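Alright, structures below, take your time with them.
Two complexes follow with chain A in common, the first pairing it with chain B and the second with chain C.
Coming up: the complex of A and B.
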């Protein structure tokens, strides 16, 4: 426990940790000291002067955001002189700020409006001409309206300190000083939009959201991003059944307000015109729409026939569908169809990972551990490209706790900028790591099988507490493995299924194995559940339109094994959730697989799946519940394990159908070659 | 080298003693006139003794703030394992001030010797002279002097055979008044945008490249060789108690003989105007005086019968500042003066903090409107009120520097605003 000091704020005696900034000490005790430039977690600026307060025995007003509390300090945050000072600041700010609130995106959730309301005066004394410059577009997602800018430098700092990109700076001086992008008239960056969300006014606006809606017209739905496996919470603003924006300004979830370009903008695939809206059956070389009932009947008939004659099923699950769907699909395969031929696109060697760490209670790192560990070792992954939130956590750790980052990658990565220098060889690295207090090792798909066991042995040799993250690609890659969508007990892996000439049924749920591979069994009956007519769906006999993660409830498990709840934001006409589709087919086949409601299935998961007996209230209230460590042997699985090597701007077929992810100049084929790490 | 102005017999020439000598900027002239005597003496002294001597001189910073120099030197942790830097603030930008340029032009080696003595006091081996961008020609002159010092063994390794090493460089500013503020200067020196830093930490502890840094004005360093050579007390005795030594006063405006004059502290202001600077032309009457650069509150004529020292000016609510004294006669229109001053500050505000960025421009626009014929009675009070909303609330002293003269003009010269008040002012 740090040393406490006693001070008085507005006549109240409070205790606060020594060294706490006055503005924070006041906030912790329910006393608001207003500020624009002060932002928790970012460097101090003392530029906006809104937080000036009176401290007894000092001649001038003091800056609340940079002043550490001290024993015996007597502070007045609401005295006449402080009130007058704030009034003056708001008045200064409004001199050149356009009063276009009625059409400004930020209207209603603008900090300058709030400050003017609370601390400002009702009328303007400014008679002069305002400084005006025209609005600029810096990228498809970032627009800048300089006159609205109050120069709090939050955007500059979040881009530099938070994201590690440094794409924003300041040009000119005095009243014409303005924020500028890194490439003269445009941005070349992560396009994450963090600068837009952190802007207290409407100076930075989002290309997809601007002039579309008023904030209060939207319903705000907190759910989990469906792209990479980091499990960021994104709060979707929904109006009239359309997602208007994604952000996480309420800092709910493990990611605080961090989101990357995919989490903030990459939801527009749901309204792509090529989205499937009706079940379809192959007739010759083309597809004919059919009813759900007819589709279920046909599938049931074909499945039953194959099952009765002991034919060969191949089932490929998804790493984007929910735990409930994955669990139900695995159950459908094993109990309903009597097959172990079930797999999904595996992107990390989780089987060896759990086996090597079996019985250890504190070897699985959570996303929070990346922020608190004294050292992080990144092996074989371009973290900023493939796991932007994990990279953000590590960066914040360096910034706030002076953590040490070590990188072992085949090419340069952004983390090199923060790393404590490279090691000459393994022994050198070992010596360096031995002096750390604790360590998190994050590794990519190149570490599998024996290499993974060797990495754990290396961790054991350090003599310090070590936790691990086995990186996987997609929003529920981890859940697909945990729920048993894997070829256990002699089942066939994806490559084996595709290669088997005698495969009778291939059932693909939210996956696109035929994008690269080809199906050997020419006569196989192929059923595909997907959002789009993918390469695989084109080969199908029956295609069923599935709902995306934003259109369903359930749970997903992120790369660190944290279970979180999806909340349905909207419904898209024609599509059904995969769970509903499974239920429909099961019903038609008269299989008794239990009730197919997400909550009921989750109950079953908590009882039956190892590690998933997580506290229900945590998950139900939108928290992240880490799965429990496993104890016991986990058998190795056949088949290939390979990451798709997505970048910040790709996400399998979802990104292919996202207009915005393809519009930015950093998109595939644009500025960058793509990720260096596979 | 010809002098810019004729010296006055009333001067006490200490730092300017070589001004006007033939080839005064050459090292030979410098060595022939007590040059590097002080450095050799200081080399024999303990660092604490050097600092004590500077303290005894009661020398105060000549850049404007007037902080006791010896005290500042004592703040530098000389045992720190980090490199320590000597920085010279030659960003002379205060309107009315033109003395540092003469010190560099006429006597650069005195500055170099002062820097070297400071380096002994704080155990530094590297120094930078940050010269304002507009002083292009001075950078060349200073570079020439530095090259000469290197060539003759007064910079570099084993200086003057004493075993002391020191490297000195010039660095050009890019034309920002703000970079005369010491922390903005450091950011600019490091290649960043010139905006002030938060204090603490003060530069003495974490200055250039986060290392202990001693940062003083050109004139401050230039006074050091005399102090060490003749003793701190000798320097202190030139002035009045607590206001030691002499300083260069730059007298401009409505005087017959404008120029830079070295006067002891405590020298009577009226004597400086009427005798040193030759009085006001055409027999006109004095109206106002800017005592130490445009940042200082203006004085009315009747306030000017005072000795020029830090304490007396402080009592009057003004400052001795950087020594830029501007004399204004009875024909001066103080509203236009206020506008000219505010145009400067609005142009130079770095934009970092809200009150300075918005306030200076707003004040400029109000004054411009008044001068253009759109003045209203309430504008006068508003000028004062807006200035007070800036005063003491800005990030650095630039906001204060803009507010203080404006407040003094509004309060002391209210009658000048009358003719600009148009009852039926039509506002565009």
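Coming up: the complex of A and C.
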């Protein structure tokens, strides 16, 4: 237990850990000291002077955001002189501020507005002309309005310390000081928008949101990003059935405020004009819209016929759909159609991973572990590109806890900038790793099969507590595996399905195996559920329009095995959730597969899927519940395991339909070799 | 970019001087010394200092924009800095500056056509007790009158 000191704030005696900043100590005790530049988790700036307080026995007002508490300190946060100073500060900050709140995006959630309202005087003694500069566009997502800026440096610090990009700086000084982008008149960066959301005023604004709406006109829906497997929680601002923005300012969820460009901006694919609106049936070379009932009837008829004559099914599930959908699809395949030929594009060797760690209850790292472990070893992955949130966690760990990062990667990665050891081989790092207190090993798709077992053996031989993360790509790859969308018990893998000349049915749910592969069975009846007419959907006999993750409820499991809840943000015309579609077909086929409501299916999952007996309240209230699927042998599976090779700016076929992700100049990213999505 | 051996030596010592991981602190002295040798802070120099100190070029650029003694364009051989801040202003600093403008035929931060002189109106140089003060390159001149300034400048003109 750290040493405690006693101090008095506004007449209240409080106890606080030695070294705590006064502003934090006050906050912890429900006393607000106003602040602009102070930002939890970032370095101290002491630039705005909004936090000045009176400390007895010191001649001048003290800076609350940099002053550590001390024994016997007597602080006044609301004395006349403090109030007067705050008025002065607000008046000063407004010297050149345009006060265009009625048209400013930030109006209604602006910290300057709040402070001016609470602490300001309402009039100014400055009669001079305000210094004005025109707004600038720095990228498709970042705009800057200098006159509104209060120079708190939050944006500069979050970009440098949080994102590790250092794309923002301050040019000049005094009244003409201005935030500037790294390339003179434009930004070349991660385009994450963190700087925009952290800006206390409306100086940095977002290309998709600016001048569109006001905060109070939106409904705020907390759900999970659908792009990568890190599982960031994003709070979508929804107005009239349209997602206006995504952010996580409320710091709910595992990711706090972090979101990458995909999470913050990459949802416009849902309103892409090519989005499928109605079920379609192939007639000759083209498609004709049909009703849901007719589609279900046709599918049911064909499925039943194949089932009756003992024909061959091939089912390819998705790594984007919910656990409930995956579970139901696996059940549909095995119980409903009597086949084990079910698979999905596997991007990490989870089978070997779970097998190698079987029986342990402390070997799976959570996203939080990446922030708290004393060392992190990254093997074979460009974390900042492919797992932005995990990279952020590790970076924050270095910043806040001086954690040691080690890298074993094939090329240079951002983590090299702050790693303490890079090597071509983990063995070369053995001595250093052995002296760490504990370690998290994060590894990519190149580590599979025997190599994976060897890596685990290496970790175990270090003699320190080691946890692991087996990286997988999309928002619910982990869920697809856990729910059994895999060719267990002699089932066929994707490649085997595509290669089988006698395949009778290929049912593809939210995947695009024909993007790179081709289907040998010319006469197979192909059903595809997707948002768009993908390469695979073009080959379909029946195409069914599916809802995206932002349009459905359910749960997903992230790369670290944490289960989180999706909350439906909007309804779309025409499309149905994949779960509803399964239910519709099951009903038509008169199969008894149970109720297909997400909550009911989740109950079943909690009962039947190993490691998923997670506490319901945690999930229901938007928390992340870790799963523990490590009990017993997991058989190796046939088929290829390969990452899709997405970058910070791509996300399989989804990003193809996102205008904003394609608009940024950094897309698709240097690493990008063309999606290996299947 | 490489510098003279003497400067290289100085830089090496500089980088040793700060605690580990704090080489950012070397940015300002490096810029000042390099400016004296290179003549101005060029984009190339910014890149170089950034590389040596392990920071982003933008972070060096910030420093260059902030400090008025760092110049992006070459100065004259003799850089005449006249203080017009309060102590000097009270005893004729502004008149002295006006005089210097006329004498050299150039304005604030301008350079004479022959590249010999440049002029700058500066803020307090910490020489208030001897106001009005003028600094030419690194040399201070105290209690300067317009006549003395003429003499100084003429002397320098002759000197080369």
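Throughout what follows, the second predicted complex is superposed on the first by the 661 of 678 C-alpha atoms of A that agree within 3 Å, B and C clash if a C-alpha of one lies under 4 Å from a C-alpha of the other, contacts with A are read in each partner's own complex, and residues count from 1 in each chain.
In this section, contacts are C-beta pairs under 8 Å (C-beta built on N, C-alpha and C of every residue); 3 or more make two chains touch, one makes a residue touch a chain.
Not measured: the values here are computed from a predicted model.
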{"item": "Fit-or-clash call for chain B and chain C when the two complexes are aligned on chain A", "value": "clash"}
{"item": "First (chain B), second (chain C), both or neither touched by A:180", "value": "second"}
{"item": "Touching partner for A:117 - first (chain B), second (chain C), both, neither", "value": "neither"}
{"item": "Partner chain in contact with A:168 - chain B first, chain C second, else both or neither", "value": "second"}
{"item": "Which of chain B and chain C A:127 touches, first, second, both or neither", "value": "first"}
{"item": "Touching partner for A:150 - first (chain B), second (chain C), both, neither", "value": "first"}
{"item": "Superposition-derived comparison: chain B or chain C, residues of chain A touched", "value": "B"}
{"item": "Intersection of the chain A residues that touch chain B with those that touch chain C", "value": "169-170, 172-173"}
{"item": "For the chain C and chain A complex, residues of the former touching the latter", "value": "55-59, 61-62, 65-66"}
{"item": "Touching residues (chain side chain A, partner chain B) in the complex", "value": "44, 46-50, 52, 59-61, 66, 84-85, 88-89, 91-93, 95-96, 125-129, 131, 150-151, 169-170, 172-177"}
{"item": "Interface residues, chain A side, partner chain C - complex", "value": "160, 166-173, 180, 182"}
{"item": "For the chain B and chain A complex, residues of the former touching the latter", "value": "176, 178, 193, 198, 346-355, 357-362, 365-366, 369, 382, 386, 389, 392-395, 427"}
